[in-house]
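Down below are the structures I want you to see.
In the two assemblies presented below, subunit A is common to both, partnered first by subunit B and then by subunit C.
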Partner chain A sequence: MFAKTDTESTGNDFVPYAPKKIKHAKEQLSAWLFCAPMLIILGVFLVIPIIMALWVSFSDWTGRGNPFSAGVHFIGVGNYESVLTTPGLAQSDFGTAIRNNAWYTLLVVPLQTLLSLLLAVMLNRRILKARSFFRTAFYFPSVTSSVAITVLWLFLFGSTGSINAVLSWFGVKGPNWFNDPRGLLQILLAHLGVSRGPSALTQHGLLGISWWDWLAGPSVAMFAIILMVIFTTSGTFMLMFIAALQSIGEGTEEAAIMDGANAWQRLWHVTVPQLKPTIFTVVTLGIIGTWQVFDQIYTGTKGGPSKTTLTPAYLSYSAAFDNQEWGQGAAISFILFVIIVVMTWIQRQIMKDRKMSRRKIAYYEALKSETRGLRHVSASQLSSSANASGRGEDHHE
Partner chain B sequence: MERKNCFSHSSKSNLAWGKRNKGHASTRIVVFFKLKFCNVKNLMIDFKDCSVRRRIMKRKLAVVASTFSVLAMLLAGCGGSGFSSENSPTSGSLTSDKTKGLNILIASSGDPETKAVKKAVQDWATKNDRKVTVSVASDINQQLSQGFASGSPADVFYLAPDQLAGYASSGSLLAYGDQISNRDDYYPSLLQSLTYKGKLYAIPKDVSTLQLVINTDMWSAAGLTASDYPKTWAQLENVAKKLTTSSHVGLSFSPQYARVGTFMAQAGGGLVNAKGTKATANSEQSLKGLTEVKKLIASGSTAFSSDLGTGWGGEAFGTGKAAMTIEGNWILGSLAADYPSVKYKVIALPSGPAGKGTMQFTNGWGIAEDSPDQKGAVSLVKYLTSESVIMEFAKAFGIMPGNSKFAADWEKEYPQQAPFIDGLKYAIGVPAAKGASTVVSDFDSQLAQLKNTEPKAILDKTQTNLEAIYK
Partner chain C sequence: MALIILAMIYIMPFIIQIATSFKTDADAAAHPISLVPQIWTTAAYRRLFLNSDFPLWFKNSVIVTVCVTAGRVFFDSMAGYALSRLKFRGRETIFAMLVAVMSVPMVVLLIPKFLIIKSLGIYDSYFGMILPLLIDASGVFIMKNFFESIPKSVEEQAKIDRAGTFRIFWSIVLPMARPALITITILSFQGSWNELSHFIVATQSPSLMTLTKGVASLASGQLSAGTQYPIKLAAAAIMTVPVAILFFIFQKRIMNTNEGSVKE
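This part shows the complex of A and B:
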């Protein structure tokens, strides 16, 4: 009897706890169940294909049947060698693609970041009427299909397209945009009378491309694509900047106004430093996105004119599907992956918050103590003025 | 004064320190509470769940491990179902599983072609009691490659010679040439471009050659008559100059080997030799041909179609930006559909130092090695290359037969296109070895800059690239 009541009482003590424990386990299980569809989908459509592609880049798979079947052999880094070190068409094509994409990234990332930041700052101003209209208008290109915009762009920049029609009003004969393979810098140099590079640049090179060609700059066609991409992506990044601006609040801005900072100073010394995390995100996304450019090339120029719009992503596709060089195609895509990771890491290092120098710390400390002192003074002033109320507002020491 | 100074000092420090100094006491209290609360909570969890946590971690690891093993199993399963892992090459005997039906993949030039092919295929299906599906590819290279990789490709498809070597070397194609009894009726140069390592992989579906198309209105406006049709390069230069006005050039064609090659052929050259076994890109003859093209362009009477802002020679010709163009027989259909008002005449290209020369293009009917009904596929191809169907296709979308036996009938039916079929006697093909298409497209990309480049430099680079393939 006693024992029974004892167990009952202890049982009663644990009842609230024990079922909770079981429930906890069930929660675990159901959590995994809920996650399972996503995990399986990610596995089947992302993890497995990546593993397969990695294997293909080290194999002699010819594009028929399963890459994991017995007839496919491991051939080491042969595919990487033919793209990176063996002189030939595969290497020079890859070099050309990297050259084109490097110029593309170099121009697109800073320009789109700047443009989207400026748009966001402008749209964030209270004084602006019809803000939501402009927001939609600027964001619109981002939601439109890139294929549609590319086709439109081809019309605009055609030799008899709208751009050249407008230029002709001013008596300028516009170039045949998408047919001009010369690099912009080389065009500039040609105007200055330099049509041949110094032999130091033309005789040596990297990846089968001479330094002179590396430095040629983007072609006119590539420049047209650069303009298009900036136009389409800046809307998305503008939205990110607007969100960041709204979370900053107006306190600092007001303080800066009170301090007499002009609009430009407020933007550069107050707003932009506080946007640093967002700028970091935008630049990172920009670098990743620009190294993966594909649809504009596939639907627009197919790498022409004279391969000046060839990009690694498109080269990887055409090597595999058009030329049946599956290993090379996969190798190019993994080299591209490494490039993206390295570039992002470098950018992280550059934009990382640095430790303040000792001099700066000392400077801020001095400022701080000075402010404290002033506070103290002003507080005592306040109390003294409160004591001697009626003495009026202007008081002197 | 003093006050002003004091104010500016304090706000300066505010600026430097951001929000930190503004928050004063109330914020500090909140932060303190938050910290305290969090710490207590964390402590409690730590105290209670130390062992539980460890168990959870273990379980998590187990779940992750099992997920990966499931993925691995799926991966293995892929090999069984999604990808064909066992591809025993059928030697001699053809598969003949009639249950699945035949899939036909074509790259159509437009509605008339699609309709004609669908009708012909359906006719064969009703006669032979099979199921057939005809699909029009938007990007046939990509769709064929996907089919071969997945192990369930289309059974019968259009096959371009420059893609053939790649597919044939991976064993994706059925070498059904020995099943075709009338293979010797085809022009040998066509069969050669569809042969890989001595085996014939496809039967020509049709053939095209390039000739000179002239705008007769512009021709007579320039005071030229039928006696002025150019027979030599010198005469071509002459008429091109006469035909050039301020609004149009005399001659235009696209900057690609498949047009420029005619000049190289007329000089007795080409990117590869006649047998397609050796690179001859920088031979003296080839150089002569390309130098002539540069001469024409430098004279201002000739321009590449892309420099006129058009996509191809036919567009430059149809829009009246050029009085002559070098194009294949497909231009007739395009002119009829898009530029019906343009009056034109097809004449033979002029002779070069080595006599007549032009280029030919063909497409074959390919059959997949993985097709479950290879017998049916061969029978279908035989039907699609029979004379009645070929003549039907010619009427519907203007093809030219690759079978020399049908040539006489075809020429009787289409006398105005006689120069095209005559061209087959002296035409050269495009290089068809594995990887050659990349070299040719590299050559094309250099051609666009012919104006500012030495022909020898272009040909030397192409020779190096070709020698890597034709060892």
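This part shows the complex of A and C:
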């Protein structure tokens, strides 16, 4: 196959000076040939399916035969209505899934961002020994499959699992994690003596779920999944923060030390502001990722107990594949798509408003360029091989 | 000090996993945190390899991962080369589309993917498992960025010698792109080995189960009812081994953080 293309493209060797036009046309052709596999695969398995699914979400297709056959009808926004406005099981399931995922995102995104930032800052200290050991330890969970980690988690957080064994040392009887549907906030309130919500909250609600249930917090089962996801993602984001920290350099830090700022002040007022772009990336990726949680639910809880780990992604899958409600499943996945886009957009707007002031930027830039001069000297002294091995991936982001 | 405790928390689950996989069922249930089995037994592993579909799952995962990785490395770099070096009408449009495609969340594509795979008649086949994964938009991106960093003069000499586009790509540019090629090889291997949702919607027959699908079914208790944790944890541990080996070999590259520019 390679040889054939080869002779094709060198076929006009006998023409000593090919006119420019022909050459250009040839480059056009080979460029399209080079892109062809990508265009075909992405087109066939991404673009066309999206159009098909959009049609299905507006149709009454039952999963039998071709969705474009004559027996399938356009039913307008019916599928969207049944999950969004028509009271019933479909709506309350959807509401429950949104509630679960909203709590999940609300806890996972800030915690994983903070933890990975903390790990990165700790690992970036110059005096630290065995840095690569720690990096490996924190990053390893990120490369292992979510299925394997979920199986491990089911054991650790089982009713007779390791976590509960550790808790028993402290005289705490751990919950039956993956079978406990109670909401964390409601458990907290029950401790304070509030076991039933005010009727204002229990009588009214949204998407078939009462406000009281919206405010229940993530269930104990969901909380175990939250911990698992933070465990697996913090390593990846840590690496992003480390890369950013290293490009900042130490000049500003040293200047701040001279000004007598303590470690926390330096972290908060000097390092974090310069990490804004990375924090933005991490939070955005976090939001996009958390609204897609699927593997862990499929492997672990299948939405249970009492639907408290149901998420829109899993609901969309189970509506279509388990219940043969294809239109509803497709509608849910498009709603999910909109949610992700909107969330990302909101996050973008918030970050825009809090940009650093010009003066601050100018100040940091001045400090940076001052230190860059110093670093050039030391960098050139370092072995060139270390630089060369890193160069290839410098452009990832 | 805090770091050491944190590192312990991160490592502990895996150590417990290995230890438990060598325990008996009763021992695992009774002593969930002891790191030394009361009776060492390889029963879980023996059962997996000799008395279950596990070897089949492993084989399927290997087939799919090898094909997907080879295809991705080749097609991603071809597309990346065209987008970075070749001038042609429509390049900007294709690039813009690529960026748009990258932002589509994969999980909302489960139903759409199933629909197309079914109507193409490749449902429940290796074809349907492999073909849709052959191109990875972010891999194209990585290759494009890398090719842009190679000086153009490298190809000019070859052009004067009137080498064809594919020749230049195959024997001059590609060998220079080794660091980037290794990167996408690792990413594709890891990605396709750990892939679950695509295989769920692309296959149904047990003979095409991959490790991810198989171990997920173990978790919900198909092979081992109830709390037979040693066998589940052993299965999960084995499926981690290939990615772990790859990880430890290419650690530096995977965790590239420009160590070189830091004063140690």
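Basically, the second predicted complex is superposed on the first by the 327 of 397 C-alpha atoms of A that agree within 3 Å, B and C clash if a C-alpha of one lies under 4 Å from a C-alpha of the other, contacts with A are read in each partner's own complex, and residues count from 1 in each chain.
Methods note: a contact is a pair of C-beta atoms (placed from the backbone, for glycine too) under 8 Å apart; a residue touches a chain by one contact, two chains touch by 3 or more.
Since this is a predicted model, take the numbers as computed values, not measurements.
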Touching partner for A:I48 - first (subunit B), second (subunit C), both, neither: both
Of subunit B and subunit C, the chain that contacts the larger number of subunit A residues: C
Touching partner for A:R348 - first (subunit B), second (subunit C), both, neither: neither
Partner chain in contact with A:L39 - subunit B first, subunit C second, else both or neither: both
Partner chain in contact with A:P305 - subunit B first, subunit C second, else both or neither: first
Subunit B versus subunit C as contact partner of A:N323, first or second or both or neither: first
First (subunit B), second (subunit C), both or neither touched by A:N176: first
Which superposed partner A:T160 touches (first subunit B, second subunit C, both, neither): both
Contacts of A:H73 with subunit B and subunit C, given as first, second, both or neither: neither
Subunit B versus subunit C as contact partner of A:R64, first or second or both or neither: first
Common ground on subunit A, meaning residues reached by subunit C in one complex and by subunit B in the other: 24, 28, 32, 39, 44, 47-48, 66-67, 158, 160, 320-321, 375, 378, 396
Footprint of subunit A on subunit C - complex, ascending: 2-3, 6-7, 10-11, 13-14, 16-17, 20, 28-30, 32-33, 75-76, 78-79, 81-83, 86-91, 94, 97-98, 101, 104-117, 119-120, 131-132, 134-135, 137, 140, 142, 145-146, 148-149, 162-167, 169-170, 179-180, 183, 190, 193-194, 196-197, 200-201, 211-212, 215-216, 218-220, 227, 229, 232-233, 235-237, 239-240, 243-244, 247, 251-264
Residue ranges of subunit B in contact with subunit A within the complex: 2, 6, 8-19, 21-22, 52, 56, 59, 63, 67, 70-71, 74-75, 78-79, 82-85, 87, 141-142, 145, 148-149, 151, 163, 166-167, 169-172, 306-309, 434-435, 437-439, 442, 445-446, 448-449, 465, 468
Residue ranges of subunit A in contact with subunit C within the complex: 2, 5-6, 8-11, 13, 24, 26-28, 30-32, 34-35, 37-39, 41-42, 44-50, 52-53, 56, 66-67, 119, 122-123, 126, 128, 132-141, 143-156, 158, 160-162, 164-166, 231, 239, 242-243, 246-247, 288, 291-292, 294-295, 298-300, 302, 313, 316-317, 320-321, 326, 329-330, 333-334, 336-337, 340, 375, 378-379, 382-383, 386-387, 389-396
Subunit B partner contacts - residues on subunit A that touch it in the complex: 24, 28, 32, 39-40, 43-44, 47-48, 51, 62-71, 88-89, 93, 158-160, 176, 179, 181, 251-252, 255-256, 258-259, 270, 304-307, 320-325, 364, 367-368, 370-371, 374-375, 377-378, 396-397
